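Next come the structures, one after another.
One chain, chain A, links the two complexes that follow: it is found with chain B in the first and with chain C in the second.
Here is the complex of A and B:
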């Protein structure tokens, strides 16, 4: 099994396409950081206008923690897509290249192959998040320094003191890893149905975008389905930047994400076991 | 009782209120004395603890240094952290809630404020230049301290402030002030902020809970350094410069 995972990682990290995701994250993060250096005050004045018309805010508002949050907020939709780029190609890509049959001639069970593909995607996802943490949090703290963080929500603004923030980011990245694991599992499941990599990647992107729109549209008719959507719980990491932290809701979200991951991987194994492999 | 003694006793009793009235300061004098006492403080630096209780703000208790310079400079410094003050922050100082020029002062009775009997005076500035239209001041006559103010301004509406005095009363500076503010709701599109609302349950609760448009800002003063000759540079916003 470990041998399979090692092979999977070798394939993933020797493919130039894998590094497109890392480059995209770096580009977005650096562009936002440069923009914040150049014109951050205008952005802050605009974003906080609802607050500043009633209150005077003084001090280092544009600090590393604040900029990191802006970057993460900008990447909410992008990161799942970048995860799908590799995970969606995991099995369908092999089928497209005609190597899947060859792979299955080895003495490994089909479920082991699915698990190794999922594990490879999972490690890639964690590497992507680690890169995001370095480039967003690490670089922003280096460029802008520490400070209290203002978190702007739709109906309130939360001020977090600087000594009370770093642990929130570490926990948020942990939660994001859980969320992206479920996206990787979804992409692997879709990958089982297809014989080329493009289909599952686009399908995963489509599902995530569709449900993200439903989650954020705020229409009362969507309220009934929202608690069951993957995208509702994927942004659970934001809960760590609330005061108080809604631990009960976040525990429920974490359980939902785990359940989705298990269901997707189990479904992928069942479908793949029954699938007639022709290429 | 002897009719003569009864007559004298009745006369004394009748005169007594006039005698007490004579000892009490007129509203004008009370106001001028109070104002002159407040004007004795030209600047101060105070270590403060500040709590903000506003429906749309989640702010922990903030510690910092509050700088004041007469007539209207005020700044909260939080050792590199973010400081939050109401837009009308200058009103957090009593000096700015009391008209500075010529004014008409009217006696408006008495009331108990935080367990202390206070005289109420209404102050109406005689010049049109002042932003203040009317100030009501609840004055502790005995200690010559303002315990509460309610100031109506041309541009900022009505502002209320409660003051509690203790160890700094000899400087006419409060130990605690509570500033009452009217606030508007904060509303941003959810599509922009992408709030995590725990699967819709919070949203239902939020709709049920009507948010108050009243808020309070409480400042506890831990220490003062008075009349040290603060420079104007301290009050400049380095980011805006």
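Here is the complex of A and C:
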């Protein structure tokens, strides 16, 4: 099993496609950081125009924590798509290449293959988030330094003191890892049904976008289904930037994400076990 | 189906006397296979492809074994190149190396000469023969290229429209007495009478003025042709169509006729 996982990682990290995601994250993060160096003051004045009428804000508002939050909000729609790029290709890509047949002529159980594909996608996802942490949080802190963080929400402004922030980011990355794991599991499941990588990648992206729109639309008729949608719970990481942190709701979200992951992977194993491999 | 890629509607596959199911896929360690095309990871080197798949074979395989197999299939020296730069023949040979690396008892090769140039086909034929003769492997080849099969096979099984229509050793299936000869002769009148007097022919299939198709053992042809010339029938051409292809066509034609599906 470990052998299979090692091979998955070897294959994943020897493909140029894998590094597209890392390049996209770096590009977006660096562009935002450069823009904040150039126009940060104008951006903050505009964003805080409602607040400064009532409060006098002093200090280093454009600090590393603040910039990181802006980067994360910009990237949050993209990360699942980048996860799908590799996880969606995991099994379907091998079928497209014809190498799936080659693998299955070896004494390897099909469930082991699915688990190794999922584990490979999971490690790629974690590497992607670690990269995001380094580029977004590490580089922003390096460029802009520490400071108290203003979290501008639609209906409130949360001020977090600088000594109370780093743990929130680490916890948020942990939560994001859980959320992205469920996306990877969905992509692997869809990957089982297809014989080329494009279908599952597009389907995963489509499903995530579709449910993200439903989650974000405030229509009453969608309220009923929202608690059951993956996308509703994927944005749970934002909870760490509220004060107080809504631990109960976040625990529920974490459980829902875990449940989705287990169901997706189990379904992938069941379907793959029954599938006739013709290419 | 034999390798568990497709589930059978009925029946079972037995490997080394054990029923092969998803639960005992470890039996696959006794088999090496390439299926139709040598599909490999183009972005990895030949060595990486071989090493990765060798590690999944269920046996401990060291680097010297990998080198040995690469030597055997004639890829030594090119193993560090990316597979996407390999010719079709090189990919096919790497496929054979992957099938062989764990020293299986049985090799299943599906269309092993697919996409190969004439030289590649000849090399593959030599390799298959050598694997069987020098290395004691049982090699099962499935192919539509019947001429190739005829050159290497000791036993044959013919499947037509999903059903086995015949099975046996090559000599059993292709009786030399039934070898078909087409003769072009400088004789019109009296040819039929002449053939009736012949003791070498097994049967006459067709006869037209100046030509005849008949069956006989190839060893009898020298005597028969000398006798024809002595009898005044000058020979312009003798063509033998003793081939697996001719046999296969006659067999499948018969099968289609008996099934009423032609």
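By definition in this document, the second predicted complex is superposed on the first by the 279 of 279 C-alpha atoms of A that agree within 3 Å, B and C clash if a C-alpha of one lies under 4 Å from a C-alpha of the other, contacts with A are read in each partner's own complex, and residues count from 1 in each chain.
We take it that a contact is a pair of C-beta atoms (placed from the backbone, for glycine too) under 8 Å apart; a residue touches a chain by one contact, two chains touch by 3 or more.
Here the structure is a predicted model, which is why all the values come from computation and not from measurement.
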{"item": "Combined model on chain A where chain B meets chain C, clash or fit", "value": "fit"}
{"item": "Which of chain B and chain C A:133 touches, first, second, both or neither", "value": "neither"}
{"item": "First (chain B), second (chain C), both or neither touched by A:263", "value": "neither"}
{"item": "Partner chain in contact with A:254 - chain B first, chain C second, else both or neither", "value": "neither"}
{"item": "Partner chain in contact with A:276 - chain B first, chain C second, else both or neither", "value": "second"}
{"item": "Which of chain B and chain C A:209 touches, first, second, both or neither", "value": "neither"}
{"item": "Which of chain B and chain C A:171 touches, first, second, both or neither", "value": "neither"}
{"item": "Superposed model, angle subtended at chain A by chain C and chain B (C-alpha, nearest 10 degrees)", "value": "180"}
{"item": "Per-residue contact with chain A, leading partner among chain C and chain B", "value": "B"}
{"item": "Touching partner for A:104 - first (chain B), second (chain C), both, neither", "value": "second"}
{"item": "Distance of closest approach, chain C and chain B, by C-alpha atoms in Å", "value": "40"}
{"item": "Residues of chain A that lie at the interface with chain B and also at the interface with chain C", "value": "none"}
{"item": "Residue ranges of chain B in contact with chain A within the complex", "value": "55-60, 75-78, 80-87, 89, 181, 183-196, 198-204, 206, 211, 237, 239"}
{"item": "Interfacial residue positions of chain A with respect to chain C in the complex", "value": "3-4, 7, 10-11, 14-16, 97-99, 101-110, 273-274, 276-278"}
{"item": "Interface residues, chain A side, partner chain B - complex", "value": "41, 50-51, 53-61, 73, 76, 147-148, 150, 152-162, 164, 216-218, 223, 226-228, 232-233, 235-239, 242-243, 246, 249-250, 252-253, 256"}
{"item": "Touching residues (chain side chain C, partner chain A) in the complex", "value": "3-7, 22, 25-29, 31, 33-35, 37, 39-44, 48, 52-53, 55-58, 98"}
